[in-house]
């Protein structure tokens, strides 16, 4: 049974006026979500949908979330425009087992910061410098097929301190031309849901056409998918004493 | 310099009408907060204040929090009555370095669940069964002076699954007469702030008179206190490339 | 491609003289390894071999290990009889990516304690008391299909403190009739290799016929299997400065 | 009561013949251990001893270890010369609660790799490039008084992947001129003993005269010291069922 992925995007940069946005469009004429979704659609392992900010309920209705195994979240400038009720819905689905892949500036999004309990803040610089991503957890499923490092020639810089909780696993650490470092791939779990943060993906660079980045996203979707026949929880009951002997 | 502790309590059970509340009062005539605060006051290591729900701003004004190194939080029935603005203020102080000791039913409080990003839900039963607490991390400062286990003759039961993020450290695990288990002492960090959850403390039992429990709270306050001359963060700036060579 | 599993067993209890060993034989006439291996063989997902202590090189030649994706290790009384060279070989294969499932008294085995760096010691009692295993990480692949708890009517007791490093994940915690608790399912990683410890499995009880235990072992083998096309490491070289610009 | 520190050093580079070793001597005329020890001796918080490889039992007799709260370990070229019996003695003391601060090339030392269960291998390059160390866990006691980053103008490079277990906490990450990164400050616990690894400290640079490095070592010694009146463990007994009711 394929993994049902919903690729979410703000999808505003790609439609805005001005030279910066022309550049975004040149990389992603159909939107960043389509760059990711079209890659995933190549594999029969995935059943892929997309959704974006300006759709009703941001495209994340109860029905859409109910049939989403893994949600990927790209956002960079319009975090405040996401309605709190939709954020609560997304977070509840994560606790219930939906995987969440947070991309780039999703670090400051409402769903991510609410699930982390921290600000998600970081240092940053946008001059198109070189980023080298180094593997710090070989053997992890999210790193399948990745060499010990790879290079993105031009990216926005994100620098430590990155205000997130100590991760369960640190998978990737970046260095930038300017000397900063960043924990660029990290995992957490909230309730039954797995969460992966992946740093690169500034809208003015063709990062979502990079083979390593696409491979990592593809791996992460598989890793974050809920387990078939998951754990069977009875909710949070108030059992009588002696229950164990009554069985 | 002493550690400045603020002991927070709902302080409603102790003032309510009815046989259950008479029992609470019999254990804690001055309130649960005074049982904890009076223990801490015996040591010159601490400078102790108290605060409760029905004070203005729940006793947690900006001024009070600014002079609080560690906040302890006991609550059992009135989580919803805590105002969101005060919750935000408390959480921000934790990110900035204030320690937080969450006691018993504080598992469902707004500050704790917001910092965790999970529901904090659990199984429960109130029949006064026996709880044995087992040490799972000898050598941890919070366990100084504690034997490999200790027994509370009567307590409310809390049972797994406890919906919190994987802890940084599991210090104590309880078993109950009825067969349930619970991770009763766990640590996390959010921003620069240390967080410790300690399970026991139902209001109808004299748990906050137990020497082991008081010792653990005392240890935890020391552990959670912000470090003198802490880490010096420049905020989250946008540094120029080349900064490292300009120094 | 099936996962290649080698099920290792001391296989001495099953062949020894005396009433205790008759009991072991009554549960496991072909050895504990066959109880586990025959379950795994029912699925096309696995290609299953077995090995035991009294074979040449304990059945763990270079050739066998080279074609083993996941090794399961049951041992209870003859840890010292395992040769150090074989132990080194097993540990090296784990660092290189082989999964390791350590069962019951494997807690004191040479491969496990060497990979942990701790003694693996614990409390214990053998009176056949009831064990309840509680899920503490719903949604984890190793717990697929497992309810929030399950009961083994008779088992040896293992009690905390269990001298292992803080695990990456605590999946299961047991309570016993006598009041002890134990972290019965835990994960770690060493090098590229995943490690899972599962507590139950005393030789005088039919634990490896229990559906939950067999399901957990099956899940764990899948979880611990090396990733196809894993991470590509260049070893630990001494690269020249400027390498990144020469590409 | 002061913390009793033993500063261990190979103390061979400082006494060897040749231009490289003249350089080492110019920085550390009395040995690297004295650079560290003389800093710690300035504070009444510490009672400082030293020991080195070519002393009988490498200076680490039972008596010395019994009165050592925290051991610091610097080594770069003579790991194999450390006797296995002494290594076992050191590791056992760590499990019993002694803190261990592993410096620079101690990553490949016998005590560290035995406690980790991994190879401790890494990439490396010795051209004296610039290292920037970034704080990733503000608020940690080991980082008291440290800014968000600091620079060492010339150091040996160590690069990821660094083959150690997932740390409990990542405190510092380095970037180097050549583009590599390294987790330069990490913590683990083994038994009751706390372990801290600190990367910098190549013998041909005056790293142990750097104020930040000395401050971090000083902080780490305090953090790693066993807790007064620690946890009281009964060993690993075989308790009778019913013990809890007999009390």
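Order as written gives the chain letters A, B, C and D; numbering starts at 1 within each chain.
As a convention for this text, a contact is a pair of C-beta atoms (placed from the backbone, for glycine too) under 8 Å apart; a residue touches a chain by one contact, two chains touch by 3 or more.
Only a predicted model underlies this, so the values are computations on that prediction, with no experimental measurement involved.
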| item | value |
| --- | --- |
| Graph distance between chain A and chain C, where chains that touch are linked | 1 |
| Those chains which touch chain B and also touch chain A | C, D |
| Fraction-based call for chain C against chain B, same above half, different below | same |
| Between B-D and A-D, the pair with more C-beta contacts | B-D |
| Whole-Å separation of chain centres (CA-atom averages), chain B against chain D | 33 |
| Separation of mean Cα positions, chain D and chain A [Å, integer] | 37 |
| Of all residues in chain C, the ones touching two or more other chains | 132, 135, 137-138, 148, 159, 161, 166, 168-169, 179-180, 189, 191, 233, 244 |
| Of all residues in chain B, those that touch chain A in their complex | 91, 95, 114-119, 121-125, 127, 129, 159, 161, 163, 165-166, 168, 177-180, 188-191, 233, 236-244 |
| Residues of chain A that touch chain C when the two form their complex | 97, 130, 132, 135, 137-141, 143-148, 151, 168-169, 189, 191-194, 226-234, 244, 247 |
| Interface residues, chain B side, partner chain C - complex | 130, 132, 134-138, 148, 159-162, 166, 168-170, 173-176, 179-181, 183 |
